[in-house]
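Below you will find the structure I want to go over with you.
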Amino acid sequence: MHVKKKRETKVLQTICPDSKGLIAKITHICYEHKLNIVQNSEFVDHLTGRFFMRTELEGIFDNVALLADLEKTLPIGMLQKLHTVRRQRIMVLVTKEAHCLGDLLIKTAYGDLDAEIVAVISNHNELGNLTERFDLPYHFISHEALNREQHEQQLITQIDHYHPDYIVLAKYMRVLTPTFVTHYPHRIINIHHSFLPAFIGARPYHQAYERGVKIIGATAHYVNHCLDEGPIIMQDVINVDHSYTAENMMLAGRDVEKNVLSRALSLVLAQRVFVYGNRTIIL
Amino acid sequence: MHVKKKRETKVLQTICPDSKGLIAKITHICYEHKLNIVQNSEFVDHLTGRFFMRTELEGIFDNVALLADLEKTLPIGMLQKLHTVRRQRIMVLVTKEAHCLGDLLIKTAYGDLDAEIVAVISNHNELGNLTERFDLPYHFISHEALNREQHEQQLITQIDHYHPDYIVLAKYMRVLTPTFVTHYPHRIINIHHSFLPAFIGARPYHQAYERGVKIIGATAHYVNHCLDEGPIIMQDVINVDHSYTAENMMLAGRDVEKNVLSRALSLVLAQRVFVYGNRTIIL
Amino acid sequence: MHVKKKRETKVLQTICPDSKGLIAKITHICYEHKLNIVQNSEFVDHLTGRFFMRTELEGIFDNVALLADLEKTLPIGMLQKLHTVRRQRIMVLVTKEAHCLGDLLIKTAYGDLDAEIVAVISNHNELGNLTERFDLPYHFISHEALNREQHEQQLITQIDHYHPDYIVLAKYMRVLTPTFVTHYPHRIINIHHSFLPAFIGARPYHQAYERGVKIIGATAHYVNHCLDEGPIIMQDVINVDHSYTAENMMLAGRDVEKNVLSRALSLVLAQRVFVYGNRTIIL
Amino acid sequence: MHVKKKRETKVLQTICPDSKGLIAKITHICYEHKLNIVQNSEFVDHLTGRFFMRTELEGIFDNVALLADLEKTLPIGMLQKLHTVRRQRIMVLVTKEAHCLGDLLIKTAYGDLDAEIVAVISNHNELGNLTERFDLPYHFISHEALNREQHEQQLITQIDHYHPDYIVLAKYMRVLTPTFVTHYPHRIINIHHSFLPAFIGARPYHQAYERGVKIIGATAHYVNHCLDEGPIIMQDVINVDHSYTAENMMLAGRDVEKNVLSRALSLVLAQRVFVYGNRTIIL
């Protein structure tokens, strides 16, 4: 019996050592597979001799054969991933602040961000009401009376229950251990309320106030083992002046934080972000 | 007798109707010519079904054979240009304001803009002194006692004497006729002191003041037959407030104007700007 | 019987012809009334010889005596308003797009915008669900089968029922007649989805796409009798490039629109915006 | 014999503990002295209870009597300075990069910055040619074969010969000792090529590249005893992406550096910048 295959859109991500003819070879294999290139972007990092390519393909896919053809033709050391373009599932972690969560709720509800929030988890109960207004599950997992490992184990259990594609820290104000981070490699995205690497750590707006800066900002980044030091995806800033207290900065910064987070997420969800060392290549 | 050919860097610009396998075909031909792709960028305009590609190539070129191979393989209607990467010659036209000219003089003198200013032409004599400080020829061609055609004919004669690649209107405050513009197709770049299409025409800062806007800007664009309506290359803005008079805006706007002009020029000189209808594609 | 008066915070707005000693006279009267100046800002428009001052005062107010003392001492032609600082009531008008309304709902619910949304009115029913998630009344007043005057009369009746301080057009996509506008002088705030005066009227993102601009923006302004020509309060922009269709611009522009609208509202609600002719002075 | 006094414009800067009636008292004394207030701005730092006011006055001044009247009336601990508005003298220190110096030369020559460059000093001779094109003295004071103190002593001798109002470090790439800094209190302005406090110290663009940031910037600040930690006057940023090497960032950053430096200088020269602790208040 025959199953008629459907046309699909997929993203092929390639990272490998640079060499002559790579674009020709990869695109030729796609052509032989009768796949149409909707959009192609590549970047060669001449400092490290590394080649990056994002190929958005449309057609009827034979994944196994395609990847085998690529592997056969291309140099050793090539990394390739073929992502099916579909609505991604995201798990949102929060503490008490509503602005990032609120923005994600509105955007996913009205199609401005192509993702599904599967649930919200918090170590506080303040945002349960907001989450439930959007008919989504809210899990209050208090960190009180638990050590860090115990708390994270409860988080992991709850998160894994939903099989999310990404974990979004939408002002989740607790530091995560390497154990937790390792469990979700390149799948945790955080919004930090400063233009990193300025003002790492706690209370960045208070640090900014103390230093007397004239711009404040926000940074969306992948979470790795070092606090606030993962690969940066997106940053933006706004001007402030002497009349801003740390509280005024915090309030003004909220729009920047939520915008940077949701724009970074859009890029990640569209498979446009390549992580290479501690840097991102966005194609 | 044999002339040993040298390795060179060239930019291949391709514009054509989109069709399957274009990237594969073009890059394959480059590969067969043993040319290394330093950087490749492409864009498909799905609304008009048009394909744009900029390929920066390095190697030993046989221009005629390369272009013939491309023409043979590729669909009818393809436009291809092969630019040798070299220092371009620019002719600067000014009226009385020093900031854009001054910036171009410093940048070309110190290598921050990879171009050679071959001469400066003005309908006034105010900027002769500045130009000569940089040991460059300054031609004062007054428009007084001449009709527009006569004046432009004198400009053309003087310009053509230098064989420039581009004509840069660095606050040249006279409208050019279609005759003049047609003489230099896609080779005249203007800086307009507003974020177009707002405030077309004369005294845009005064118009901005009258309208009470909170941002002002500048636009670098190719000059076509319609005043201030050519394809836009680059725009930028700054914030203003109620305390700015039109004169304050003019002063504050100067840094934006000169930055936008020189950044636009960098893109043009690197053969990164494709003109398509009234739009630019920057690859 | 005696009523003990409470300490309050009020904002005194002064607009008058400039003359010597104005600041001294006004602040001296405040001092005599034992009022503390929390914040004072002034601006002299030297082009029109006009003086503007915003004085935030704290203490026990005798409004009648204070205004009488000011009137007695100061030149003829002075306009003064004394606003009690309190949570303002806003009525939100929308059509179908959720982003501005959603942002206002979240911000007012969580204290990031110091205002109370009294109700939402729309000529469509799409956003009823969102409004009701926040337990606020939603009035669907269709414009179908009504002429413009009839429809606006129904709006006015519904609006006036709530006695709002301000009417916020949060992507309300119908043109309002002078009759409606006159009914709420300097009390209607609109968000327009372009950096005015570029792209007045319908479908500004499509106009922007056609023109090939490299920046798009949004403008919050008071509504007056001329479409999109009222006094501008706040503007902001973002960069776009050739890869943006009109739809991509629309999506990217939403964050700008909602940020500009809520920042403009903050200024208006804090009595920091003075309207003078077709301009705003923000103190 | 009588000397007829001329009308002048002066700036009165006041810093003192906040107390009731300060604005009224100060402006009343100005009024009694028949001085017209061209522009007045004040700021109360409610966290530290400190009052700042900048009063631009126009009229016939009796400096001694005015300051005595202010001192008599106002609380103890008040600091007041009365600056005559005149073209300030600046001494520019550079190393090898031309962009900031070039911008200052053009701007002072054409009136876009209201200052006189009295001379340029460098520890290298690369920029002598540029300086002399503008008919200004260039002093090449090599640091070779000298210890830091000896070199700075030669700088001080040369600088003091010109009696400048401000010392501008326009990409002067040597660290200054506290001895030098103390010699010119609040009179040395530096441009640092990062958005401080990120990337303090050497090679900030290389640090930025390593960290993979998506924005780079520049900071103009007063120089104090701690490297790159003086009060910030102005900051600005631009976006970068993965395609920027450290060298590309350096090139792109130059326009930001020069703009930030000259805008900061404008504010300082207009006596609009108050230093308070490690912060600036800009009125």
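Think of it as A, B, C and D in the order they're written, each chain with its own count starting at 1.
Operating definition for what follows: contacts are C-beta pairs under 8 Å (C-beta built on N, C-alpha and C of every residue); 3 or more make two chains touch, one makes a residue touch a chain.
A quick map from chain label to UniProt name: A, B, C, D = Formyltetrahydrofolate deformylase.
What you are looking at is a predicted structure, and each value in this text was computed from that prediction instead of being measured.
> Between chain pairs A-D and A-B, which one is joined by a greater number of C-beta pairs in contact?
Between A-B and A-D, contacts are more numerous in A-D.
> If we define chain centres by averaging CA atoms, which chain lands farthest from subunit C? Would you check?
Centre of mass proxy via C-alpha means gives B as farthest from subunit C.
> Calculate how many whole Å lie between the centre of subunit A and the centre of subunit B, each centre taken as the average of the chain's C-alpha atoms.
Roughly 37 Å separates the two chain centres.
> Can you give the whole-Å distance between the Cα centres of subunit A and subunit D?
Distance between chain centres: 42 Å.
> In subunit A, which residues are in touch with two or more of the other chains?
none
> Which positions of subunit D touch subunit A when the two form their complex?
Listed in rising order, the residues of subunit D that touch subunit A are 43, 45, 47, 195-199, 210-215, 217, 231-237, 241-243, 245, 278-282.
> Taking the touch rule as given, give the residues of subunit C at its contact with subunit A in the complex, in rising order.
98-99, 102-103, 106-107, 109-110, 112, 130, 133-134, 251, 254-255, 259, 262-263
> Can you check the complex and tell me which residues of subunit B touch subunit A?
Listed in rising order, the residues are 20-21, 23-24, 27-28, 30-31, 34, 36-42, 44, 46, 239.
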